[in-house]
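Take a look at these structures.
Next, two complexes with chain A in common: one pairs it with chain B, the other with chain C.
What follows is the complex of A and B.
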């Protein structure tokens, strides 16, 4: 199994510290979900992992070799970024077919037949300029390039942004099919967590420019709970755990708990429910929290 | 040879040939325009050839510079996002510009031979060299001002406007052609060496910046 490793990654934009000493380890052959709030540094992290942007400090390696300017490593990766309909000179007039032709020229394992199939599936007009495409069509191009690249490590940044529900379902199906067939590694950054959660074998949560959680999704959710009941009892039952997002209604209280390991013996007077990845993320991002 | 370097070089070579075709097209367009507007005039053909050749020469000087100003923000960024290495992008751009200059020199020579203009042989060296240095300078400006792209456009528009006006005027007066035609071989070689050194210096300045290039 190969490993893409980022060590002590720091990225500053002027005085703004976007990534603060991030350590990350991506094992190949898995589907990763990268979750974080807007501006937390997801795109920056992904672009540094693929050497598209330089880090202020830190190192990224693939199987022990530095990724930066390394043909052997770069040939194994595809980071399909969100296309911009505008450039600093105005509308992006590059035609879709030119984008695809460039992708075909650059990705070593490019599958043209598969690309054509996906173009039909997402109903893309290749003769159109990128600047004339809708948000959903731009996302579709990102997906087409990522999937047809057949790169061993494929990274998609916000691939479903702007896609309608039918196209989103098609995308999830394509990822599962491709993963089952090839075992490629996918790293998918998304804000539509609820829909994509079942895809993710591992999840990385970025918070305040740092990796808050990097864990197997099932294991993570197995130690996350929604506890509700009378406020004093809930407080007593959760006093040894990390508690997020307390909500109080009269004498009732609801909290989200993230324990260090699965808990089987909560106070029987409280109600214990499982938490979805989206709700856990939401709770973690809310302002109020109590450390154990 | 299917290496990343080869793929990057191929991309920039294709771009170079596309520019050559566009430049020839520009010259032809002006030639046809000259024919069209000069209908009925005695020197219709001569005027059209003058117009077409001026368009061709200006295109050779400015076309790669225009590309150079948006290249780092558009095409370099695009290929970088598809896994190209910065070092290959750097050499790819040089190859693109040199290829364009060589093709331009050949075109000018052929054009000069066909219509029997001896001065064009001299221009076949001067004009593409000028275009080469202009494109390197514009690329440097574009990379340095990558984050304030519109300022780069203004700078290049001013330079191009000045160059265009100067070239147009000197062609009209025939002074530039006369100067180059009467230049001795020694001075010609010195100018050539200065051009190569200037290009190398600018490329050295570009190298430092391109190694920090980011995808937009």
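What follows is the complex of A and C.
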């Protein structure tokens, strides 16, 4: 098993401290989900991991070798970025066809047949200029390039952002098919957590420029609970745990608990329910806002 | 087995319970092949590792067994084993809940028993 490791990564844009000392370890052969609020530094982190953006300090290595300007490492990775419909010269006039030809030259494991298949599936007109594509079609192109790159480590930054529900379902299915067949590593950032959560074997939550969580998704959710009931009983039952996002309605209270390990003996007078990844993330973020 | 996955339980547990239900209802018969982890993960759009975890849970309990290079099959005697383990948890999962609700709304144990007796 290979490992992509980011160690003590710091990234400042001028005075703006975006990433504050990030340690991250991507094991190959897994699907990772990267979640975090807008502006938390997800794209910055992904571009640093793939050496498209230098870190202020810290180091990224693949199997122990620094990835920066290291062709051997970079050949194993694909970071398919969102296409821009405009360039500094105006509308992006590059045709889809030409764009794909560049990708083919760039990625050494490029699978042309697969790319053609995907172009048909997403109904893309290859003769169209990139600047004339809809938001959904632009997303589809980044997905096509990511999949057809056949890169060992493939990174998709908000791939479903512009896609309609049918195309999103298609995308999740494609990822699973490709993963089941090849065992390629995927790192996928998304805001549509609810739909994608069950795809992720591991989840990374960025918060305030740091890695708040890096864990197997099932293990994480197995120690998260929504606890509700009479306010005083809920307080008593949860006093030993990390509690997020308390809400009160009359005498009732509901909190999200993230324990260090699964708990089986909550006070039987409170309601104990599981928490979805989206709701856990929401509760954790709400907490942060309150403290600020 | 085509019901929606809910959020009330871990996905792998739901996968294993769905397969159990199929066996209980004779939709999946003993010695019959069950869907592969890839098929399950594609259908439910879940990580193949999660689907495999659900399947392995059943292998550990002698409900399914692996035929090398062919797939997972329902073990001989699986249905009876499932029935037994569900019988053991029946009180905790169902009866306790009914008694609790009955108490809350003032249905006596006698009335409850009568309801069960008259139910055909």
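By definition in this document, the second predicted complex is superposed on the first by the 286 of 292 C-alpha atoms of A that agree within 3 Å, B and C clash if a C-alpha of one lies under 4 Å from a C-alpha of the other, contacts with A are read in each partner's own complex, and residues count from 1 in each chain.
Rule of thumb we're sticking to: a contact is a pair of C-beta atoms (placed from the backbone, for glycine too) under 8 Å apart; a residue touches a chain by one contact, two chains touch by 3 or more.
Here the structure is a predicted model, which is why all the values come from computation and not from measurement.
Asks: Tell me the contact category for A:21 with respect to chain B and chain C: first, second, both or neither.
Replies: After superposition on chain A, A:21 lies in contact with neither partner.
Asks: Which chain makes contact with more of the residues of chain A, chain B or else chain C?
Replies: Residues of chain A touched, chain B against chain C: more for B.
Asks: Given the touch rule stated above, what does A:54 touch, chain B (first), chain C (second), both, or neither?
Replies: first
Asks: May I ask you to decide whether A:2 touches chain B, chain C, both, or neither, giving the answer as first, second, both or neither?
Replies: Touch partners of A:2: none, neither chain B nor chain C.
Asks: A:169 contacts which: chain B (first), chain C (second), both, neither?
Replies: It touches chain C, and chain B stays clear.
Asks: Contacts for A:105 in the overlay, against chain B (first) and chain C (second): which applies, first, second, both or neither?
Replies: Once the two structures are laid over each other on A, A:105 reaches chain B alone.
Asks: A:210 contacts which: chain B (first), chain C (second), both, neither?
Replies: In the superposed model, A:210 contacts neither chain B nor chain C.
Asks: Which residues, counting only chain A, touch chain C once they are in their complex?
Replies: Residue list for chain A touching chain C: 30-31, 169, 172-173, 176-177, 179-180, 198-201, 217-218, 221-222, 273-274, 276.
Asks: Which positions of chain C touch chain A when the two form their complex?
Replies: Spelled out, the residues of chain C in touch with chain A are 5, 7-12, 37-38, 41-42, 44-50, 53.
Asks: Which residues of chain A touch chain B in the complex?
Replies: 47, 50, 52-54, 69, 71, 74-75, 77-79, 81, 84, 87-89, 94, 99, 102-103, 105-108
Asks: Across the complex, what residues on chain B touch chain A?
Replies: Residues 2-5, 7-8, 10-11, 70, 73-74, 78-87, 149-150, 153, 212, 214-216 of chain B touch chain A in their complex.
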